[in-house]
Amino acid sequence: MKISARNTLKGKVEAVDTGMIMAKVKVKIEAPDVITAIITKEAAEDLDIKEGDAITVIVKSTEVIVGKD
Amino acid sequence: MKISARNTLKGKVEAVDTGMIMAKVKVKIEAPDVITAIITKEAAEDLDIKEGDAITVIVKSTEVIVGKD
Amino acid sequence: MKISARNTLKGKVEAVDTGMIMAKVKVKIEAPDVITAIITKEAAEDLDIKEGDAITVIVKSTEVIVGKD
Amino acid sequence: MKISARNTLKGKVEAVDTGMIMAKVKVKIEAPDVITAIITKEAAEDLDIKEGDAITVIVKSTEVIVGKD
Amino acid sequence: MKISARNTLKGKVEAVDTGMIMAKVKVKIEAPDVITAIITKEAAEDLDIKEGDAITVIVKSTEVIVGKD
Amino acid sequence: MKISARNTLKGKVEAVDTGMIMAKVKVKIEAPDVITAIITKEAAEDLDIKEGDAITVIVKSTEVIVGKD
């Protein structure tokens, strides 16, 4: 299945920590990749984001889905 | 400022595409890194996720925040 | 109150599983309904999504809000 | 690929509406199904959610991923 | 309807900016309020978050739902 | 670091409640502020959102990131 989510990174599980309802999975990404971010035009202008800029990508861990073949 | 979001990856902007309200930013991640995913214990067991597993990390692009120094 | 969230499905609680901080609620949806997804134009074109296509809707459980009258 | 997202519903695309950056996809869900919601224990207690309760499932459309075989 | 989302703030619309698919709504919050954040235990410990700390609450605008009576 | 997330509210931690994997942080917002919401044009029209409207801002607590200097 091909999915609409733009960011699918390959990695290896480093650790799994399990609670009563939730589990935390640490995944070591194996190769650099391209991440797509959709932000407001207002933010892009406010931060003056342009080609070549050094930037930090921030993702809250509850937003991350994992897949396994 | 230190933030609670566990995933902060360094990269370089490859492209910015601007619409009326939203903008799309492509960021080339520069080095492999560790991603933290919080999933349900049910999912972790269902996918039988354990140390060493090859895995895919999936993040929808609307969930990605960018930061710039 | 009318809300901007486009997807409000009626159902019945099948199970509640409570941890220390989080709880998991299983809801049996009672009738088929229409789901709205906002994705990138890039993804829509990449998946070639068009009227009549068979498709899978994917939602992470941490993104689901529940309401009760 | 099996994914950790608990909610994967089958449907048929009713309409696709494309903007400059984003696209809106309407999907007709074809059969009732079970939705998993992860909420705070506090919310579950505050709403007094228990088996058999009539409930509404709310999902913002930007949180929905679509997949196609 | 009572909802599980813990953060419901009252405000007044300052501006609405409409694109082809998405709209941006600026809401002036009218009174201070309490915000609930669910983060990883790891992040809470890493940031050493404790009662009385001055803190910044960060929410991406695509995560915000609006309601109107 | 300047970030693209439009909503960064200053507050004080009222309480921290820690589970095995997740923690709940209650933050008292100290001053009214402006919140930006990105919703579908369809929702904005359906709710007939216009300048001056009294409105409720809804954010699920799992979507909230916290930062600390």
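Letters A, B, C, D, E and F mark the chains in the order given here, with residues in each chain numbered from 1 onward.
What we mean here is this: a contact is a pair of C-beta atoms (placed from the backbone, for glycine too) under 8 Å apart; a residue touches a chain by one contact, two chains touch by 3 or more.
As the structure is a prediction and not an experimental result, all values here were calculated from the model.
**Q** Kindly list the shared contact partners of chain B and chain E, in label order.
**A** Both-contact set = A, C, D, F.
**Q** Could you classify the chain B-chain F contact as same or different, where same means more than half of all interface residue numbers appear on both copies?
**A** Comparing the two copies, chain B and chain F contact each other through largely the same residue numbers, since over half are shared.
**Q** Just the number, please: Cα centre separation of chain A and chain D in whole Å.
**A** 20
**Q** For chain C, jot down the residues that touch at least 2 other chains.
**A** Answer for chain C, listing residues that touch two or more other chains: 1-6, 18-24, 36-40, 42-44, 47, 49, 56, 58, 60-63, 65-69.
**Q** Answer with line, ring, star, complete or other to describe the graph linking chains that touch.
**A** complete
**Q** Note which residues of chain F are touching chain A in the complex, please.
**A** Residues of chain F touching chain A: 1-6, 19-22, 36, 38, 62-63, 65.
**Q** How about chain C: which of its residues touch chain D in the complex?
**A** Going through chain C, the ones touching chain D are 3-16, 18-41, 43-44, 47-69.
**Q** For the complex, give me every residue of chain B touching chain D.
**A** Spelled out, the residues of chain B in touch with chain D are 17-24, 37, 39-40, 42-44, 46-47, 49, 56, 58, 60, 62.
**Q** State the interface residues of chain C toward chain B in the complex, per the touch definition above.
**A** Going through chain C, the ones touching chain B are 24, 38, 40, 42, 61-62.
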